[in-house]
Each structure stands twice: as C-alpha cells, then as structure tokens.
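Note that subunit A is present in both complexes that follow, paired respectively with subunit B and with subunit C.
Take a look at the complex of A and B:
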C-alpha cells in the first residue's frame, strides 16, 4: 500500500522533479561557463585571491534556486490534494493517517534532497579540479543554508497547503517567511559555519507540521 | 498531535523573540554621535567638530576651553590633520614643538589604523599570499602561489591546484630549524599589491610564539619575535608605515596593545583606553607629534593622545554615548534573540535578557491566556500557561494563534 502511495506521489511530481533538476543543471552549466571565462580572462590566481582576500563567493547565482524548487515542489504535490479536498481519498486508505501523511511528506523531502545532493555533487566535482580544500569547505558552508532553505520551504509550503482554514494559512505563511529569513541572514562566505549543524535540523523540525494540519482537517475544522 | 502543536508554538515564540525586539529597536534606536576629536599640537588640548543643536550647525572648538574656531582657524589649530590644506595654502609652520615640519616628515609619520571586532571575528579561508620582499621591481607582483599552514607549510599553485613540493620543503626546513610549533594559531599579513613594500606575515604558532615570515630572493626568511614575559598574543594586524618604524600591532590577552618595532623586533607597549578587541573599535590617527587613540565602545568614545616618539601618555578625553531614553521594552519583552551582530561576521544565536519586572507581565499574560481558553470553551492546558509565564508576550501571541 505504501509503495502504491509513493507511486501516486511520483506520478504527481515526476515532471516537476525532472524539470527542477534540469533547470538546476542549466543554472550550474551557466555558472561553470561564466567561471571558465573568468579562468581564461583573469587566471585562477586572481580568482583565488578574490575568493580568499576579498570574500567573494562564486556560486551566488544559486542562492534562490533551492528555495524556489522547494516551494514549487510542495505546491505541485499538495495543491492537487487540496482541490475539492481530494486528500480525503488518500486518508481513507487502509493505513494510519500518520503513515499516509509522513509517506507523502517523506517522498517530497527525499525527492528534493536527491535533486539538491546531485547538484552539490556536480558543484563539488567541478570545484575539486580548480580549488583547494579550504575554499571548497568555505563554499559548502555558504551553500548549505541555501539548500536547507529549499527543504524548509518545502516543509512549510506543504503545511500551508494541507491547512484547512485560510486564516491559519496566513499565520502559517507569516511564520514561514520569518523562519526562512534565518537561512539568508548573511551573504558573507561561511558565515553559518558555527551553526550549520543546527541549521540542518530546521527542515526536520518543520516537516511534522503538515500532519498537524491534516489532523485539524480530520476533526472538521474549516472556513 | 499535541507535541507537534507545541513544536509550532515554540518556533512561533522564538521567531517573535527575534522579530518583535528587532522592530522595537528599529523604531526607537538613536545613533551615538561619533564626534571627530583630535589632539591639537598648537593648543595642547583636544579639539572637536560637533553639531550644535541650538545653533543648528557644526561648530569647531577646543574641548578644554570651549573656544570656538572658524574653519580656517581650525586648520591651523590642527596642522597635522589638515596638513595638505596648510601646505597648499603655505600656512604650515616651519616647526612645531621644536620639530621640523615638512611634507616628507608629515607623510612618512602620518597614518590611520582601524581595528573593528568584525575584522577579527569572521570566517576566513586559511590560504595566504606571500609576495617577494626584494623583487627589485617598483610594483609588488603576484607570486604565482599561495601557502597553507597545517602540520607543515605548503605552497599551492592556483593554476594547477597542485602543491609545489620543492618550495614547500625549502620553507618547511626553515620552520623546523627555527622551532616553529605547528599548527599555527593565526597568520597576519596584508595580501595586497597596493602597498609600498612587503613585510610578509607574522604567524602565531601553537605555543603562542610569534614568527616573522618573509620571502627574500625566493628564499625563506623566518625570525622569532622575542616576547616579554606575560605577553600572550590574542590578535595581530600588520601595517606598512612609510617610515618603516614598526611591523605590526599586537593585542595581547590582557587587552594591552603593543607594536613590533623594526628595532630588532622589540615590542613597545602603546598606552590605550580600555579596549576589548572582540567588542570595541580602535582607531589610531597618528602624526609626527602625537598618536590619537580612539576607542569606540557601547559606553561612548574614549580618546587618548600619546607622544609619537616616546609613546608616553599625554592627555585624554571622553564622549559619553547618547542616552537611549527609557527602555520600556524591558517591562514587556522578557528576552530577545539575535543572530547577527556588528561585532562578528558569524551567524550565531545571541540571547539578551530583560528585567525581572517582566515576570509580572508574564503572569498577567498567562492569566489572560487561561481566561481566553475558558471563553473559547477549550480545556485548560498547563504547558502553554507555563510557557507563557516564561516567555511572556512571545509565548502568549504564539499560543493564541497556534493553540487550536
């Protein structure tokens, strides 16, 4: 039953997931081409100098891509469920509601995580050829909060979609905007290095919120 | 189910504890006046430029006598600060305090040096560019490699991203020979080609010893700096003054300031106002006669003048920070959470706690919450009431919104 549920989620989101991955790859290709041009024009020594001594970050264009992906994936997955309250059908499956909701949320989170991990692998593979470990480490600390923002946006947007009342959706959205700011407090490279392990926990903290809204839906709270 | 509700309330509370005080400060904060203050070698007193609220314009005055000056008079009172203007007008005295004054002397002894807490407390990539100190070229040129300090010194070629083993070995031998203890705690240098000359790096090793590293004719130059007893370096910043009288500023763990002089690397103490390099800003405005040391802290600005030659204390003045008015927030905001600070480039949670008086308003809010719950005909829940008693207005708003 769980695999059938996951298949349903895959059917709903596959084109979006493939599209998001492709758009991400296109974005990275653009960044790599831009960097390749800089390598040829000014040389790697100058680029290293700019990164190390002038605190520049080469992958700044990636900043809002994970956020947009997380937000859109949640919409693609849960808006169809909420149109004409189709989620009722899913909740009537012979599985506990908890298992149903967490399977759906877990699927989305894993799909998103797979896209992001593949992107990070591509970035790191490119980077190890041109940069030493010190620069790569700083790069990872700078990128991680942006990718975590994508996962957090997914968890929050799912919660907002699954919420049965509009009034509460507005409060949920306000909480989402404020919380997401936590991942964009500074553009300074590796600014999050002291708290990165805590930042990684934010999406896991928010993910169960969707189940709370489903329970509110189940007990009949509505506009 | 209930646990998830509490997770939402806790998150809502924390977000409010961050954003509500931030909004309050956005509305109520006042700028502290950073009044320009400089020691006059003519008046032998501090002079300042400040805004006169009554007259509605800037006034230039002697801080001790309160005598006011016109703009042109003020140039003459502070000849070292306005030296360019005085040389251009032909108004610069030939000598001051028995010291010959000419453009060469002024330019070689005049410098500005600023240290902000965020200069020290920021993430940095531990790769360093070591320029050739005796390049025989007018301009400093990029060396074609950078070095890292791990359990040895390694030079890496950026074009190939490979280690230059030969050069690394050459330098490493020198480090071992001089007794350098890896790993290094910090390295201070100025990796810029826009400077008059190159003096390399001052590196603090694992045993708090300072070493001077230079590259001279492509060969390593490493010299240990003799430190007086009790001086443990906390932060170093190098400088290339035109008169080549010193290499670097050393802040030690006792919050004292020293310079590493070019006279056999001897350390000279620089008297300065109380300054915590992690919290306060230091600005040194030096001239051939006096060094002005400005320390800007939460309390205001403290300015000392010291003799440029002997580094002996001469005079001091202070400017008290602006009264922020009554901080009403302490009566209704029990605490606040911040993630950024002017003192650091790192993101990290910082908690500020309010007055104990806020516990009273917390209890009133907890009571109000209990009454609202009764009015909503919900069951009284102990946890949210306790939570509001601790977190006050933040917990109250979060519980009212997300309790159902």
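Take a look at the complex of A and C:
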C-alpha cells in the first residue's frame, strides 16, 4: 500500500523531478565551463588568489537553485491534491491519515534529497580534481545552507498548500520568508561551519506541520 | 429490522450564523438505497462531508458500521466506496494506472468489474483522466467503486455534469449492482428523475429542516396533488397538512398526504369554497416540488 502511495506521488512529480535534475545539471555544466574558461584565461594562480585571499566562492550561481527546486516540487506535489479538494480521495484510502500524509511528505523529501545529493556529488567529483581538501570542506559548508534552504522551502510550501485557510497560509508564508533568511545570512565561504547542523533542523522541525493542517482540513475548517 | 449501516443522531450544523440543519436524524439499514434530495445549499454535501469525517458538526454524531465518522479506522474506510461531487479522481493517472493504484488497497478488488465498464468508454487505456469528458470520468469513478466492492456506497451528486445517456448508464449500472449484491447506498443528486429509478427511501431536505423521510413507494402512494377552483384561496394558507398552495387565475393547486375525502372535509371545516377537487398522482420530482416549493 505504501508503494502504491509513493507511485501516486511519483506520477504527479515525475516530470518536474526529472526536469529539476536536468536544469541543475545544465547549471553545473555552465559553471564548469565558466570555470574552465577562467582557468585558461587568467590562470590557476590567479584563481587560487581569488579563492584563498579574496574569499570568493566559485559556485555562487547554484545559490537559489535548491530553493526554487524545493518550492516548485511542493507545488507540483500538493497543488493537485488541493484543487477540488482532491486530498479527500487520499484521506479516504484505508490507511491512517498520519501514514498517508507522512508518506507524501516523505516522498517529497526523499525526491529532493536525491536531486540535491546527486548535484553535490557532481560538484564534489569535479572539485577533488582541482582543489585541496580544505577548500572542498569550505565549499561544502558554503553550499549546505543553500540546499537546506531548498528543504526548508519544500517543508513550508507543502504546509502552505495543505493549510485550508488563506489567513493561516499568509502567516505560514511570512514564517517561511523569515526562516529562509536564516539560510542566506552570509555568502562568506564556510560562514555556516559552526551552525550548519542547527540550520538543518529547520526543515525537519517544519515538515510535520503539514499533518496538522490536514487535521484542520479534516474537521472542516475553511475560509 | 435490518442492522443500520449508517446512523446520524441529532446532527446540527451551522456555517457561521447560518443554520444548515438542527437535530437531523436518519438511519440507513443494510441493503437499502437512500436518496438525500434537496435544493442547492440545503446541506446535502455538508451531510456527506460529516459522514466521511471531512467536517465536524456543531453537535450530534454520525456512525458508520458503528464507528464514529470523525475517526474511521482503515478497516471501515475499506468498506466504504466514496464518489466525490464532480467525479473527482486522480486526473494525472490514466485508466490502467489508476486501477493498479487502487487495487493495492482493497483485498477484494474486482478488476473485471472495472474493465467491463471501461470497455463501454471505447478509449485508449493510456489516456489520462484529465483529458476525458465529464461523462467518461464519471464511469471511471463508478468503475473504481464497483471494483472496490464496498459494503456501503456514498455518492455525492453523481449526476452533476452528465448528459442524459451517461446519467442513465450510471443509474442502471449502480442500481443493478446494488440490488444484486445487497449493497447499501447513500446518494445525493439534484436531478430527481434519476433518483426515482434508483432509490428505495428518500430523505427530502429544505433549508434548515427535513420535510419528509419515507420509502419512495409510500411517498408516491400517499402524497398527491389536488386541483380545484377556489373563491377564497387565502384561507388555504391557514390550513396545516397542506403543502405549497398556489393559485393562478382562480385555479388552485395544493399538495397533501391526506386522502381526497379528508381534504374535502378539511376544506369545508375551514370555510374554503371549492368546486370538485381533482386528485393527481405524482412523480418523485413533482412530489419533491410539492414538498419544497418551486422557489
């Protein structure tokens, strides 16, 4: 039964997930080509100076990609459920409501993590050929908050979609903007090295709230 | 007395300050088809939503298979086939995907029942539900419910958006299935002709109240229209047991559960001057209008 639920989620989000992964790869290809051009034009010494002495981050173009992916995946997954209150069909399935909602959210989280992990693998595989371990470590700490922002955007957007009233949706959206700010406080390389685990808690904390909004829908709360 | 599959006890619901109904009570015994009839906005969908646990009533409770509808167990949900108003289904799936999807949840799944109905549609199994007409979607939704083989079917406004052909196909299929398999059905529709061919019992609602709850055959045997010419029609409005009197150019029309003789004596007692009263039998639709009025 759980695999049937996951199949339904896959049917809804398949083209978006494949598209997001492809766009991400295209973005990385663009960044690699740009870097390759810089290697050739200005030389590796200059690039080293830019990274180490001027604290510039070479993958800055990735910054908003996870955010957009998380936001759009939640829309692709939950807007079809809320149009014509189609979620009633899901809630009528012979499973507990908790299992139904958390399977849907779990699927989204897993899909997003898969896209993000594959992207990070591509970035890191490229980087280990050109940069020492210290710089790669700094890169990971710089990139992680941006990817966590993607997970946070997913958790909040799914909560907003599942919420039955506009007043609360607007409140949730304001909370989302405030929480996302925490992931974009600084572009300075490895600025988040000490707090990245705390930032990581934000999406995990917000994700279950979607279930409470479904419970509000269940008792008939509406505008 | 057969066991009640659905019991609604003292249901009261308001949207804000607007009363939908107060102290609504009804039961659906096993194997009966109950039709909930009412004009738009009288609370048909509200009742379905409360029954399925998608709305908490202001007071009162609904039981399905003895379980509170607010917290149905998976086992009880499995016994209930639900058709949502507008034949809503997962429109991003095609007809074979949706069949596979639902079959995973229902151990008694009857694939053949679903595909028998799909054959009538003459469409490609790979066609997405979103690209189907409303009539085709209604057949997919019905096919899925029949394949689920539930003990109780709840159908909210099944005739919505359907042309006469599809409406008739839906009614014929459903009625044959329900009678052959002794299924319990709770159905709402605003097209009363369809209901007459389908339901055993009717529950007729008007704004804020139930006006009639009877087996359809009893209603049609006892509820009649009476026509006569009347000199003082305003006096009729004072008489109880008469529904929706209308007088146009001296021709008066009333509806009542009384026998013709009883009505005549009631008129005389209330000094209503009439010529000979003509009695007419009614269709369910006419009885519905007689009970709830044209407006």
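We take it that the second predicted complex is superposed on the first by the 223 of 223 C-alpha atoms of A that agree within 3 Å, B and C clash if a C-alpha of one lies under 4 Å from a C-alpha of the other, contacts with A are read in each partner's own complex, and residues count from 1 in each chain.
Methods note: contacts are C-beta pairs under 8 Å (C-beta built on N, C-alpha and C of every residue); 3 or more make two chains touch, one makes a residue touch a chain.
Worth saying up front: this structure is predicted, and the values here are computed from it rather than measured.
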| item | value |
| --- | --- |
| Superposition on subunit A - do subunit B and subunit C clash or fit | fit |
| First (subunit B), second (subunit C), both or neither touched by A:3 | second |
| Angular separation of subunit B and subunit C about subunit A, which is computed from CA centres of the superposed model and rounded to the nearest 10 ° | 140 |
| Subunit B versus subunit C as contact partner of A:89, first or second or both or neither | second |
| First (subunit B), second (subunit C), both or neither touched by A:35 | neither |
| Touched partner set for A:48, first subunit B, second subunit C, both or neither | first |
| Partner chain(s) touched by A:200 [first = subunit B, second = subunit C, both, neither] | neither |
| Touching partner for A:12 - first (subunit B), second (subunit C), both, neither | second |
| Subunit B versus subunit C as contact partner of A:175, first or second or both or neither | first |
| More subunit A residues in contact - subunit B or subunit C | B |
| Distance in angstrom between the closest Cα atoms of subunit C and subunit B, superposition on A | 13 |
| Touch list for subunit C against partner subunit A, complex | 49, 52-56, 70, 74-75, 77-78, 80, 82, 84, 86, 88-93, 97, 100-102, 104-106 |
| Subunit A - residues contacting subunit B, complex | 43-49, 51-53, 129-132, 134-135, 138, 141, 168, 171, 175, 178-179, 182, 185-186, 188-195, 205-206, 208-209, 211-212, 215-216, 221 |
| Complex contact set, residues of subunit A against subunit C | 1, 3-4, 7-8, 11-12, 80, 84-86, 88-89, 91-96, 217-220 |
| Interfacial residue positions of subunit B with respect to subunit A in the complex | 1, 4-5, 7-8, 11-12, 15, 18-19, 122-127, 129, 142, 144, 146, 148, 156, 158-159, 161, 191-192, 339-340, 345-349, 401-402, 404 |
